[in-house]
Amino acid sequence: MIDKKKLMHDLNQVREKSPLVHNITNYVVMNNTANALLAIGASPVMAHAINEVEEMVAIASSLVINIGTLSDDWVNAMLLAGKAANKKGIPVILDPVGAGATTYRTKTCLLIIDECKPSVIRGNASEIMALVNSQSQTKGVDSIASSDSAIDAAKSLAKKTGAIVVISGPTDYITDGDRIAEVKNGSVMMTKVTGLGCTATSLIGAFTAINSNFFEAATHGMAIMGIAGELAAGKSRGTGTMQLHFLDELYKMSDKKIVEHLKS
Amino acid sequence: MIDKKKLMHDLNQVREKSPLVHNITNYVVMNNTANALLAIGASPVMAHAINEVEEMVAIASSLVINIGTLSDDWVNAMLLAGKAANKKGIPVILDPVGAGATTYRTKTCLLIIDECKPSVIRGNASEIMALVNSQSQTKGVDSIASSDSAIDAAKSLAKKTGAIVVISGPTDYITDGDRIAEVKNGSVMMTKVTGLGCTATSLIGAFTAINSNFFEAATHGMAIMGIAGELAAGKSRGTGTMQLHFLDELYKMSDKKIVEHLKS
Amino acid sequence: MIDKKKLMHDLNQVREKSPLVHNITNYVVMNNTANALLAIGASPVMAHAINEVEEMVAIASSLVINIGTLSDDWVNAMLLAGKAANKKGIPVILDPVGAGATTYRTKTCLLIIDECKPSVIRGNASEIMALVNSQSQTKGVDSIASSDSAIDAAKSLAKKTGAIVVISGPTDYITDGDRIAEVKNGSVMMTKVTGLGCTATSLIGAFTAINSNFFEAATHGMAIMGIAGELAAGKSRGTGTMQLHFLDELYKMSDKKIVEHLKS
């Protein structure tokens, strides 16, 4: 059950405060992520050099770490930035893209969790399961498990790490280990556009920057994602136009749309 | 003469099997390539770290190597991944972006051909000619030669390497050194959108993943590309909307559209 | 006061000569930049490897250096390419993305200015001020200063470096240290799409490639940017569709549109 008033309040806070969200993310989605953050009213910055990540974190309101196209130099920068964020007390959001697909991805995620203490971890079902059970498998970066089947893993991961854990899927689940919130908005077409999961993670970054109740913030990020995706899919002939309508919907998101379209 | 029944069959196979296509490609096009693969029904993954490319190849059904924004670390990963693909017996598809523009590009392509034994090589006329005659020149990454003028070079490259060679252009030519297939669909507007050549290469990657007759698979990839591009251009005011309509057309590609629009 | 005849002439020159613009730019915008250059009629190439930048510069007509996602390897390539461009006598255009946000960004820009003698520097107000007064601050990559407030800094930077300095904003200012040209076209929606500033810098790269009067060339690049942005915003529901309409408008830019829409 999502509180619409709180969701509207947070959306307006993002627009009013325009928090600086520092992203260390993958090459595939950087452009979309930056545009989604701008559309919702936040201020994105992408910076990954060892030489500057700590200084960039120092002026940011949240840090998003996404391992989609990781390599050693980038992982080093992620760790450095994550620790700086911890020290400063701003939230770290982790997107474990492709965890389970290769040992390198799984291990890197576990290292980041260990050293950077993320406030929120968002992945698809396969990825969340891979972080709990190293025997679990994914197919590249797409999920092969249903989101329901990952709920136990998500709860266990949340309890173990102290992070809010989010599973994206037909229904999104958000848990702190005990409570579970559900977001039922969305469209299957969203799985056919690359990087919308990564966008969700960065929107959570924007909401955690203005709401220190991270369970609420994560839920609100996913709710805005779901409403925008659902409205965009309804206007789109295919996955090309979908991308643009999605950004338009984020840009035009309003109290009225929340009231009319949020399922809960 | 393209067999429409076989083309439809392969399209349906891609959608049904959703093969994992591992791309080591350039920064400019990663997003478009991933979206095109998703739109046609394949499952893309982008991964380039030395630490994981072999493991990623192990779960993939084909490997696409595109040198568009190459540097030494990436070339090392390409070679490693290519050899792993050979060992596993999955096809390697090479896109020699900008071969002929710099010595580094030409040499890297020849090295990849030598060490990774690509099943298909797709480039524009200038690029294909540069791989055969090192005196030949390109203008950056755009072709300055007509596709017809590169047919002899393509045949010779195919014979020498054992790869199917594809020349993109107003008419696309696909050759195994003896036979030549032609794809006459397309639109000149496609040359004004960055990375559609790279997309073609990745679509070939999807088709080779489900059809081990690589001459057919390459022809089918180019045919789907040409039909989608032609239909998209017909709906577009310019190269911006063109990109989105192109993805929509891939997403909506159907037996009916193939029957109605394939020129041969 | 922009001379419409000269602007039309330069636009037609870009289309006729299709100059090769070599970009060493950031991951976020590479795709958009390449598409904008193609849409206006230029020929973009992206290449950043130490192994090839000098050879690529040798066939290019201008070099655009954009530090948006800088790291040491890339900075080394920028310096190498910039010196090669100086030696060859082609213009270097600098985009100091995020100067002022971190010491690394500010220092790198000053180093590039020192070693590569840019012909044009284009930034937002905060960035231009940071290059003159190291105490000045930016918020990530977005400007927190008004463009008017940066005019003195721009003049001073132009006098000190010999470069034409461009401040993007509601009104764009272009100065050689004495004269100031103004571009009044544009839309506030342009600030909500990532990388349109970077696109402006690359368009200036295209115009400097065909007009050795860099004050005019920079003004013309900004004028085309402003007209296309304004027309696109008028057709767009949000920042998603805005991006596509913007490319369409560049592609359809004409003498007639210049006559009807240029404000001056």
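We just call them A, B and C in the order they show up, numbering each chain from 1.
Methods note: a residue touches a chain if its C-beta (ideal position, glycine included) is under 8 Å from a C-beta of that chain, and two chains touch if they have at least 3 such contacts.
Owing to the predicted nature of the structure, the values given are computational and were not obtained by experimental measurement.
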A correct list of chains touching both subunit A and subunit B reads C
Does the subunit A and subunit C pair touch with the same residues on each side or with different residues, judged by whether over half of the numbers are shared? different
Averaging C-alpha coordinates per chain, one finds the centres of subunit A and subunit C separated by a number of Å equal to 32
Flagged in subunit B as touching 2+ other chains are 27, 31, 243-244
Which residues of subunit A touch subunit C in their complex? 20, 22, 27, 30-31, 34-35, 38-39, 43-52, 55-56, 59-60, 73, 243-252
In the complex, subunit A touches subunit B at residues 26-29, 31-32, 68-72, 98, 101-105, 139-142, 192-195, 236-241, 243-244
